[in-house]
Structures are given as structure tokens and as C-alpha cells.
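Just so it is clear, A, B, C, D, E, F and G label the chains in written order, and each chain counts residues from 1 on its own.
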Amino acid sequence: MDVVCSSRPLWAVLVSMIAAFLILATGEKNRNIRESWTIIAALIKFLIVASMIPLILQGKVIEYTLFTFYPGICLQFRVDAFGMMFGIVASSLWIATSFYSIGYVRSLNEHAQTRYFFAFAMCLSSAIGIAFSANLLTLLIFYEILTIATYPLVAHKETPEAIIGGRKYLVYTLVAGCVLLFAIAMTYYLTGTLDFKAGGFIGEGRGSNGILILLFIMFILGFGVKAGIMPMHEWLPTAMVAPTPVSALLHAVAVVKAGVFGCLRVILYVFGPNLLHDLGLWILLAYFISITVVGAGFLALGQDHLKRRLAFSTINNLAIIILGAILLTKSSMTGGIIHLANHAFMKITLFFCAGAIYVKTHKEYVSQLDGVGRQMPMTMGAFAIGALGLSGLPPINGFISKWFLCLGALEAKQIVFLFVFLTSAMLDAAFFFPIIYNSFFKKLPAGIVPHFDEAPMLMVIPITITALLSIVFGIAPDAFVRFFSIASLAVQNILGAG
Amino acid sequence: MKVIALIAAIMTGALLIYGIEEMPKWGDPNSPASSHVSPLYIQEAIEKTATPNMVTAVLADYRGYDTLGETTVIFTAGIACVLMLRKKRKGGGD
Amino acid sequence: MLDYVIGKYNFWIYAVLMMIGLYAMMGKKNLVKKLIGMNIFQSAIILFYISTGVKTGGATVPILMGHAQEHGHQAIDVAGYLNPLPHVLMLTAIVVSIATTGVALAIIILIYRRYNTLEENEILKIRKDTGV
Amino acid sequence: MIWQLDLILCIFVIICAIAAITIKDLLAAVIILGAYSFFMCLLWTEMGAVDVAFTEASVGAGVGTVLFIAAVSKTKRRSKD
Amino acid sequence: MIIKSTVDMTRQSDDVIVKTLSRLLIPFIQIYALYVIAHGHYSPGGGFQGGVILGASLILLVITYGLDNALRRMTERLNTILCSLGVFIYAGIGLLCVILGGNYLDYKELDQILHVGIAQARSLGILGVEVGVGIAVMAVMVSIFLDIATGGLPKK
Amino acid sequence: MAEQFPALIIVVPLIAAFFIPVIGWWKKQLCYPWVVAVLVVTFISSLGIINTIMTTGKFSYRLGGWAPPWGIEYALDYLNAFVLVIVSFISLMVAVYSKKSVEDELPEKTAPFYTLFLLLVAGLLGIVVTGDVFNLFVFLEISSLSCYALIAIGEEGAPIASFNYVIMGTIGACFYLLGVGYLYIATGSLNMADLAVILPNMYHSKIILVAFAFFTVGVMVKGAVFPLHIWMPDAYSTAPSAVSALIAPLMTKVAAYVMIRIMFTIFQPRFSVETVPVMTVLGWLSFIAIFAGGIKALAQTDLKKMLVYILVAEVGYIVMGVSVANKIGLTGAILHILNDAFMMACLFLVVGAISYRIGTRDIHKLHNLNKIMPFTMGAFTITALSMAGIPPACGFFSKWYLILGTIEAGQWAFAAALLCSSLINAVLFFRVIECAYFKPMEPAYANDGGETHMVQRDEAPLTMLVPIVIMAAGIILLGIFSGNIISSIIQFAVPASF
Amino acid sequence: MEVTILVQAADESFRILEESRNRARQVLDTAARLTSEAQILQRKRVEAIFKGAKQTKADVIKFISTFILLMGFWLLLSGHYDLFHISIGVLCCGLVSHISHNLLFANPRAGDMRVIVKRFIVYVPWLMYQIIMSNLHVARLALWPKKLIDPKIIEFKSKLESDISMVTLANSITLTPGTITVDVKDGVFYVHAVSKKVAEDLMTGEMEDRVAHIFMEADHVYVQDILDMAPIFVELK
């Protein structure tokens, strides 16, 4: 594997961090300037990330070492195919989210906007940091920054329940951070290195099987909190009190994806398929995750609050990604990795829609949405695309990932998980179809005449774009940024090494 | 509190007495304390410092820095009392 | 055993003194009593040090006597003089002790001004009552 | 160095120490502390530490006691333990 | 809350015997203190002991003749300056040695300005240091006593 | 001149302190610039020392020109040069800060205050720089005495707290002195280097054992290590703010330094670890300390009191690092000396600034503080994150090494304690941050000014703000450059016998 | 009619006369007061000069005598008679004399030192004799306690004036066994006597007379004082 030394990953991380401080310095007075920083940074970041794609596709790896903490531990960036996947998703969706946020906060006239945009930029910065980190410690550093940067966003509304939500979020994630810290320290003690290696490195250390199992559990616990694996998912629905762009960011792009990304890193790059096979851990985790997949689906059915329903849907889909990875077959891994991107596009669409509805009608509950489709056809149309995609209907991109996942389950010769995937798709359909149906076809309560009244353009355009992209990627998975190639490259690396 | 104090005192005493066992014999001229560093003071003091009182010679010259510290301790105590108690005296000073 | 007790009886006595001092410092309620204990404790330590400087067998105080002053070059009998080093150290320790006492007494006066008592438990009670 | 004298002084010192911490009249306790210092000083003289003894005589039995008396006379004379 | 009236140690004593005797003794105490400082090389004693005795003589003056009388002799300001001066003499001699090219407190360097031979230079250095200690200790002892006995120098 | 730095670093503040009473008579306003100028000189000297050591290696300075076992020697190596820099820098910062708070709290006592301030700094520096066990005692007393007085002039309850400190501190110092005495009886030497040569032949001796016990207990009292910390909370929390900002970070750190010195320089690690079980005892004590400190801190509503209890826990960290007695743990402990000095100093400075401006330290009354004092609260937040172990602030890195150290020593419980403690810290500080950033005005309070009442920005005065901001920036920079600090200094500061 | 006018005119003129007289008296009074104030001021100034001159001279004398006394003490203590130590001694004595000269010889009416010292030396053997005598007496008391012990406090007003003489007397009383000076207040001595005999011995007043004789008090004219003043008066005139 060729290693290219370049400071581009560093700049990709720094660009939004610098923007964050510029935002802070600009302050509340010059709104336009402040928000132009966001957009400029988002564009630059995307360009930097995108510029690295060709190199990655050539099978090269970009590395940049910033500091050495201690012999064997550096603050180091390394861009490989898998990291690229997450990086490109995060940076591209940030553009959409930026525009959308501007529209959202302006139309709701939110308070403390400077803090909001600052934290937003910091989040993105750390998300990219997570994507490009070369070792567990760097990953942890950015992971913790992400935790902290998200906190002001969750508690943004400053209402008691927002504060409680923030508290809950912090408790969960900080505990997870501590567990991770311990696990990482342990890993360093066992192996003397923390660098990710396709196919895993921990097996080369001096850990006994028992300790390795313990470590694996701790890693999964640590990253699983952000990924919302079932017993640790509680914070996610509570964090729905945040403003919608934040929820979108939280649930589609940065935070939960960071958790999933971390899980996959651990599964594929720290432990590696071989070791997991040897230890027999994969099957245990797979069953464990299946519970989340199914459970979250059923819980989602019971939710009336739209965003909470979306949250459970997120938990469901994240679990699917992890399940795909843990099945350890080529197809399932590819499916999982690509679902990381696809889910992001679809879910962000859904959240954007929820936000748009809230901005326009202040409706938050599923039961209130009767007839909204007629009032906001564009929004609800996009919503329908996202929802259908999540249910795995072609030609939307959800179909592709689900297809590969199911193939993977077959490859692994585990029919149970095929059914898990299918059940999940069914459940997705079950809790989205009523919404779509009601919003378009159900009669409005008597006396209210629906009229065409879309959300502001700054919101509608991002919604439309993400929805369209979902379809585009469904038809041509290798379009533009070549998700599919990247995902298969990543899988190839892992399996090749293993 | 009294009980704690008693326990602390007894523990300290026990520790002290524990150490006594291996102490050099009382007043032993060959004990390490009297044979390692101090002979040089006794032999050299008059020659090097022209001071027959070895205590003064050691105090103010060999370990003069300790004595500077000691004087500073006294100074500190004086200023400390001034800081804590001294009030402005009517008409006296500024 | 007898030798253990009698042969080093003075160490025992220092230990007892230190215990008395330490007990008074921690166990007594009256602040001045605590300080008295502190003085006892410190001087017990000083006594302990001084006794390390003792030499039996005709050693005298560490002040050069007689002709040795004039003829500095002649060899000085080391065994004839006590070890001056512990004395030096303890001079410093005495100074430290008096300085500490002075500061502590000043603090006692501050305390008395504020609470009008010198009993620790009463002060604690007053502090609890006033809620500070 | 006469061990009989040494022993007697040591015993006096201990008696003074115990008296100083048990007497309830603080002024008396302080004076006894002065006596304690003085016995200490004798003990040190007897051990050959004339400089230290001199210092203790001037400090412990002198200025120290004066400071104590000053403080006690400025505050309360009775102690409750 | 009634604050019990306390004994004032700094009031002028009305006992004629004490007053007169201390008046007669103080100069001798003082000269003895200075003797102790100056003869620290040959006999027990030195700057610290001498300083304490000197301080004690002044404390005696305060006890017998009252604060105001004593302060006329040794004002608060003078006392403070003496405190600093004493320690400064010590530290300053050390610094002088550094300036003369030696290590800190290396009195043998004083030979360069005293021209007496190294051992004598050290001896003189010790003397100078003792004087500093004496001044500082004297001033501080008086200062501490005054602060404690008066509770911080009350009204005139 | 350069070879005279070790003498100057103590003597300059000492002599300067002697001048202050005179300056105070003459012109009171000159005290402050004088102190700051002197501390700048001190800081430069300390930099000179560490520079010399880094270029030419460790060296010693003979006071009075006498050869070591007879005269007093300054032995300068990486460890104490490093601590010197910390002490002189933090005292400089606190001195800069002290102007307004002294004018506010002690208007009539400027001159004696600054005298004692400088003496305290000189004492601390002396403790660090000296190579003679008895000389250390003398400087210990200088610093303690000035400390007692400085504490006693604090607020209500300060004198009694200070008196308790006098009693406990004297017990500690006397125990230290007893330890010196026992060592002297056994070896006849007072020089640390000389002792280190003599002692290994007599490790079986009971005298040495007793001496070691007394040393340990004495230093534990001075450093407020867990069961002997009882004097500390009251004393530090009632002291004037400039004083607690000076002693809280430095006194405990210097005591920790002395502990490392005694355990690993005077005594060999062979003795400290193998012959006596003291390390295990210390480890478990610090284990309790970390929890007890954290839990006590949770119960406090006074911000300063809370910090003081956290300090108990932080001391526990350092002691834990010492007690695991391996290279990496000790690296963590030494790094934590630096980091915690910065964090504590910054926190206490912030608290001082808050009570200077707002007049309260009750954590429930800090509403909207982020609007009133944005920079101060920014600094507070950074430090809080650092305390909670969030990278890239420096607290994370010391915790990282400490955890590695405990893992290497096989002390799982200790590692768990460290992790839990960072969680407790997070809870502690997020309580405050939540209140300051996210809690709206209380209704009763808001009614006074009405809804539109804008909170006036009322930042702390510049002399206070500058040190705070410098410290906060320092916390981040120390975190980022912790690798460099370790590889260039701490690596060599860890006693060579490991 | 005329009569009334006349009477009125007379009244008026009397009134005017009265007024003018009053005014004149006031003027005279003021003038007198001013002159007297000036006189007092003048007198005060003279007194001040006189006093200052006297003070200075007394100070110098006191300084020198203190110095000599202290130097003697120093030489007694020192035991090192080389130039260096003696010069230190001179320095120290000078310093102490400077700060404490008005302590050792505080009383300006102390009289001629030479006389006092001479008489004091004469007094000491007598005192010794007294001490021995009362020692014997007290010994007898101690051996046969029951008969004669009759402790009581006697008080008497002393004719002594200066502090130093009173202290000498008080100490002499205390030194003689059997009697102890309990307190001296405003010239009144409170003495504790152990038996009747010692009390009677004391009440004869012989000791008091002798002490008064030493210090040239009560029955002596202050010759020295006048001698001191004479030249100054001359100079002033």
C-alpha cells in the first residue's frame, strides 16, 4: 500500500475549526458574514475531502503526523478507503445542512445563534477528524471533542427538558468515553501500538482470549453508546429536543455515524475478521445487534412524536450497519459500509422534512400530520422518497445496501439474519407508510383549508437535493464520489489483509 | 477527636520505638552521625574559617544558607504578624 | 530486653515527650493548649537531634579550646569534641519553632476577636449556628 | 554527661510537659511551659550543646513565654480542658 | 456580647520597683546582647541569641514603660526598616560574594575587598552575617510581641 | 551569570521581599509592579536553568563554595528544573492577577501581603531547587509560615481554618524533620545525593524504615493526601482569592514533587516499592481520595469549596501515579503536576474573578454568566473540559499516562477510579456550565428587568483577565504539545533507576 | 418742663461719659492682656532655651557615664583584648549608650554620682551587717517558732522622693531576712514583717535615713543642681 504524505487531512479538519473561531469572533452582530464563514468552510472542506478521492481509489493511503505523544502514539491522520467513506458523507452533507440550518434558525429566530454555528462547525471538524484518524487515540480525541461540541447543540433550547436531554446525552457519552479510554489504554498496554490496520492488529499482542473478549465488549460499549445500540440508546430519543438541523446532524451525519464508524473500525481494523471468528465473538454480537434491529423497529411503531419515531428508525438502521459488518462476509461488509452513506442521505432528508414541517406548521406529532402533504408537497415528497428508501425499495439507494446486506447474510449462511434484515425493512415500511399516506390522502380536520405553503427556499432546496441524491445513488451507486468503489476497496483491503 | 489523637500519638510512639532498636548505642563516637560528615567540621573549622566555635562556623558558613533561611523564617513570622494583626495607627505612618 | 529499655532510656523519654506533644496538639480542645503541645513536640524533636550529637568518652562542647586556636595546623582530636552539626540544625529548628509559635499566637488573637472564645468545640458550634 | 543527672532532668521534663498540658489555668500552663523549656535547656547543656541551650534559654524560656503570656493576657485565661 | 476586659501588657507599669530596676538593667542587657553577637566566634551565642536578648530588652521596656514610651525610642517605621535591613545584610553579603565572582555566600571572596586572608575573610563574613541576623531577630521579636500584646498597635 | 541562576532564582525574590515593607512605607502602589518585575526575573532564571539542563545536562551549585556532603548543594536535574518553571510561571500569573483582588480584599495590607507572597514563592522555589534534606525543611517552613498568615486574613472562618493548618502543617513538618533525624542517625549525612549513595546498603535497617514512614506521612500532610487532607478544604476555600490561586495549585504540587524526590531519588525505587508496602497503601489511599474528593465536591454549592475538594482528588491522581511506581505512571504523575497546576490555577483565578465581579460563588447563582463574563467563562469551560479529561486539553493526557501506568502495574481498580473520577469531574463542572450557559434567568429575577432586560457585559478587569486567558490557552497548548514536553523533559525527569 | 429737659440732658451726658469710660477701660485691658501674653511667651522661650541647654549638658554627661560603665562591663565579659574586639566594644557601647543613656541615669535630680557611689559603698557593709543580724534573728524564730512569730503587714509613708532611692530601700528591706516589701505606692511602703522585733527595727527608720543620705534626699539641699544652673543663668543674662 503506497503511503502519500500530505497535510490535506489536517486542513480538512482544521478548516471548520478555524471557521468555528471566525464565527465566534464575528459574533451576533454580523449575521451574514458569520454564516458565510459556515458555508465557505463547508465548501472548502468538501473540496479538500473530494480532492483526496482519486488518490484513495488508486489504492493509496494519505498520512500526516502532527505530534508524537509518546513513543508509539502519535496524533496522526491517515485517510484510507473506509475513512474516506465517512469523510465524504460528513463533508458533503454539511453543505446541505449549513444551508438548511441558516433557513431554519432564521425563520424560527433562534437565540444564541453564534454558539449554535460554532458548535456545529466544531462537530463537523471532529467528525472529519474521526474519519481520518490513524489510530485509536486520535480517534478518541476527536470522538470526545465531538461529544462536547454536540452538547451545546442538544441543550440549545435552554428549556428544562432540553437541559435534561443534554445531561442525559453527556452522561451516556462521557461514560462511554471513559470506557473507551480504558479500552484503548489496555490495547496499548497489550500491543504497544494503536495504529489501525486493515484486518486487525490486536491479535498480535499479548492479550489472552479472556482479556480480548473483555476489550471487545468494552469497545463496543464505548462506541455503541453513540451508535445507539439497544440498551444504551436511551439518550437518542431524549436528544430529540434539539433543533431539527441538529437532530439531522446528530442522527444522520456526525454523531451516531461516528459511533458506528468507531464500531466498524474496532471490528474491522482493530480486531479483524479472523480474530473475531477465532474468538467466536461475531455471532454473539450479531445476535445482540439483532435485538436492537428488531426492538428499535417495534419501539418506533409506538412513537407519536415524529422526530422520536425517526430516532428509533435511526437506531434500527445503525444496528443494521453494524450487523452487516459483524457478519464478516464480503457482501455484508460492503453493504454495511455503503449503508453508512446511504442511510445518511435518506435520514437527513427525513429530518429536514420534519424540521420544515415544524417551521411552517409547528406540528411535531405524527397524528397531527394529516393532510400536510397537500400543504407542503415538495417536502412531503422528499419525505416519501427517504421513507421508501429506508424500507428498501428500488430505485432508491436504500435498496442497494439492503440487497448487499441480505446477500451477506446468505453468504454467512445465517438465515436468521436474513430474516432480521427483512423484518427491519418491513418495520421501516410499517412505520413510514402511515405517515405518507395520512399526509397525502387523509382529510384534514374540518374547517381547515389546505393551501400551498412551503418552507423557506433555503430549507426546501437542501431537502430536494438530498432526496434527489438518494435516488441518484440508488440508480448509479458509483456516481460522483464513487461510494461503491470506495466501499468495495475498503472491504478488499480488510479481507485481503485478513 | 481525643480518641483519634490518642491513637495517632500511640502509633507515632510505636513507630519511634520501633526504630530505636537498631539505633547506634547512645553517645557512640563511631556512630555514623558522628563519623561521616562531622569530623571534617571539627578538624577544618578553625583552619578554614578562623572561628573556634564550630557551631558558629558551621551555622554561618558551611550551612550558612540554612541560616539565611532561618532568618527569613523569622522575618516571615514578623511580617505575618504585621499582616494579620497590625492596624493603621492614627497619625503614625501612612 | 532490659538493655533495650535501660540502655536507650533517653530515646524512650523522647518518644514519650513526642507522644505527649502530639496528643496535646490533636486532642486538646483549647487552642493555646494545642500550641503548648506543639512546643513540647518540637522541643522533643530537638532533644532527639541533640542526643545524636553526643559522644561519650571525654568529648566536650564544640568550641575549640586553648592553644588549638593559635595553632590551627596541629591535628585536632575529633573524639574530643561533640558533633556540631545537630546543634546547628537544631538552632534553626528552634528558630522555626518560635516563629511558628508567634504566627500561631497571632492567629489565636484573630480567632478570639471573632469568636470570643478559644475552645475549639465552641468555635465550631458558633460557626455552625451562624451558618458559615 | 552524667546519666543520673540526665535521667532526673528527663523526668522533670516529662513532669513539666504533662503538667503544662493538663493544667486548666492557661497562664500557669504557660509558665510551666517556660519551666519545661528551662529544664530542656539544662538537659542540653548537660549534653554539651551549649549553643542550643543558650538559644533555648533565651527563646523558649524567654521570648516564647513572653509571647504566650501576651497572647493569654489578651484573650482568655481559663481553659476547659 | 460583652468582651471581657483583658490585661494590657503594654500599659506603663505603676510599680516603681519594677520600673526602676528594669531601667537600670536594660542597658546592661543590651550590651550583653551585643557582646553575645560579637563573641559568637569564641563562645556560645551568636546573632540569633544576641538578637533575641536585644529584643527581650526592648520588650522589657515596653512592659515597664508602656507602648508609647517605647515607641518613642523605636518607632514602628524604624522597626520595619530594621527587620528588612537585618535580613538584607545577610542576603546582601551573600550577593556581594556573587558579585565578587564566587558562589552565593562564599565568604572567601570577601578577601578581595578586606585584604585579610581567606580564613579571616570568612570569619569577618560570619561576623557580618551574625550582625544581620541579630538586627533582624531583634526587630522581629519586638514586632511580634507588640502585635500580639496590643492586638496590632491600637490608638495612641 | 548563567551559572548563578540557581542562586538567583531564590535570592532575587527573597531580597525583593525584604524591600517591600520599605517600599510600602514609601509608595504603596509600587509594590505590585515590583513583585511582578521580580517574578518575571525569576521566571526567566528558571527558563535559564532548564535551558542549561537541556543543553548541558544536570548540574549542581555549591552554596558557600563548600563541597556537597559538608555544605549545602543545589542539585538541578530535569525534574526540579521542570517544577521550577511551573512554580515560577504560575506565581507570575497569579501575581499579575492579584492587583485588583488585593485592592478589593486587603486595601490596607498591600505591603505585607506582597512581602509574604514573594516569600511564599521563594520558599516553594527553594523546596524545589535544594539538594539538601534539611535545607528543604527550612524552605518548607518559610512557605508554610507565609501560607498560614496569608490564609488567616481571608474571609469569615479563615483564622480557625488557618490555625488548623498551623497545627497539621507543623505536625507534617515535624514528621519530616524526624525523618531527617532518623536518616541522619543512620547515615550521618544530609545531602540527597550522598544519602542516595549510602542508603542502599542499609535498606534492611529499621531506622531507615521508620525514617521513610515519617517522611511519607510528613509530606502527605503538607500535600493534603487523602486522610491527612482534613485541614485543607477550609484553609484553601477561605483564603483570599489571589492566595488560594497561588497555594492551591502550587503547595500540593510541590509536596508531590518532594514525595517523588524522597521516594525515588533519596530512596531507590527498589526500596520504596519492594521493601515496604507503602506504595500499595498510598495507591489505595489515593483511590479513596479520588472518590471521597469527588463525592464531597458534589455536595458543595460553593464553587471554591468544590474546587478544593476536587483538588483532593487531583492530589490523589498524582499520588496514584507515584504509587504505581513504573516509568509510564510516573511520567503521568509528573505531567499531571504540570497540568493540574495549570488547571487549578486557572480555576481558582476564574473563581476569584467571578466573586470579584458578581460577588457570589454559589454555583446556583451564576445565571447568564456567559454573557456577563464571556472570556472568563470560556476559560472556565476549557479548564472544566480539561478536568473532565476531554482531549485535546491537557487533563486528558496526564490521565492517559496515569491509566497506562495503572494498567501496566495491573491495578485495574485504580484505572477504574481514574475513569470514574473524570466522570465525576464532568458532572461537577457541567453543573456549573449548565447553569452559566443554559439556565435562563430565574423568574423572580427576570421580572425585575422584564423579558427584554439585556444582561450587561461586565468582564473582569484586564489584570485579572489576561492571566486567566493565558492559563486557559496554556491548558490547550500543553495538551497539544504534551508529546514534546514528555519527550524533551519529563522522559528524563523520571528517576533514572526505572 | 425745663427741669425735665435738664434732667434728660444730664442723664444723656452721664451715659456718654459712662460709655467712653468703659471703652477706655476695654482698650486698656486689651493692651494689658497683650503685654502680659507677650511676657509669658518671652518667659516660656527663655525657659525653653534654659531647659534645652540643661538637657543637652545633662545628656552628654549621662552619655559619657553610661558609656564608661558599659565599657567596663564589656571588658569584663569579653576576655579578648585585641584592637578588633575593643573597637567592636566601643562601637557597641556607643550604640547602647546612645539609645539608652536616659534609662540608666533617668532622674535628672540624681545628684552627684561620685558622692552617691562613695556613700553607697559605705552603705553596703552596714546592710550586710543588718542582714547577718536579722538572719540570726530569723534563725532563732525558726527554731522556736511558737513564741515570737507574729507576721503582719506594716505600712509607712516614706520621706524618700526619687524612684531610685525608694527602690534601694525596698530592696534593702527585702534583702534583710524577716521583712519583705510587698508594694510601694506613692511613697507608701507596705512591708510584710515576720515578727515584732523586725518590724520595730524597721520602724526606727534608720535604714530609710541611710538611704536618704546616699541619695542626698529630704535633708539635703541640691547643691549640684544649683551649681549646674549658675553658669547657664550667667550666660542667659
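Here is the rule we go by: a contact is a pair of C-beta atoms (placed from the backbone, for glycine too) under 8 Å apart; a residue touches a chain by one contact, two chains touch by 3 or more.
As the structure is a computational prediction, the values presented were derived from the model and not from experiment.
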Which chain pair shares more contacting C-beta pairs: E-F, or C-D? C-D
Report the chain closest to the protein's overall CA mean, measuring from each chain's own CA mean. F
Separation of the C-alpha centres, subunit C versus subunit G, in whole Å, is 47
Whole-Å gap separating subunit F and subunit G, where each centre is the average of the chain's CA atoms: 64
Averaging over Cα atoms per chain, report the distance between subunit D and subunit E in Å. 23
Where subunit A and subunit F are represented by their mean Cα positions, the distance between them in whole Å: 43
Where subunit G touches two or more other chains simultaneously, the residues are none
Quick check: what residues of subunit C touch more than one other chain, meaning two or more? 10, 16, 18, 20, 22-23, 25-26, 28-29, 51-54, 56, 59, 61-63, 72, 85-87, 89, 91-92, 95-96, 98-100, 102-103, 105-110
By the touch definition above, subunit D meets two or more other chains at residues 1, 50-51, 55, 59, 63, 67, 70-71, 74-76
Which subunit E residues qualify as touching subunit G in the complex? 14-17, 19-21, 23-24, 26-28, 30-32, 34-35, 38-39, 42, 61, 73
Taking the complex as given, what residues does subunit A use to touch subunit F? 67-70, 73-75, 115, 137, 140-141, 144-145, 147-148, 151-152, 155, 158, 162-163, 166-167, 170-171, 174-175, 177-179, 181-182, 185-186, 188-189
In the complex, subunit B touches subunit C at residues 1-2, 4-6, 8-10, 12-13, 16-17, 20-21, 23, 25-29, 31, 33-34, 37-39, 41-43, 45-47, 50, 52-55, 57-59, 63, 66-67, 69-70, 73-74, 76-78, 80-81, 84-85
In their shared complex, subunit B is touched by residues of subunit E numbered 40-44, 46-48, 75-77, 80, 83-84, 86-87, 90-91, 94, 104-105, 107, 118-120, 122-123, 125-126, 129-130, 132-133, 136-137, 139-140, 143-144, 147-148, 151-156
Could you please specify the touching residues of subunit E with respect to subunit F in the complex? 77, 80-81, 83-84, 87-88, 91-92, 94-95, 98, 102-108
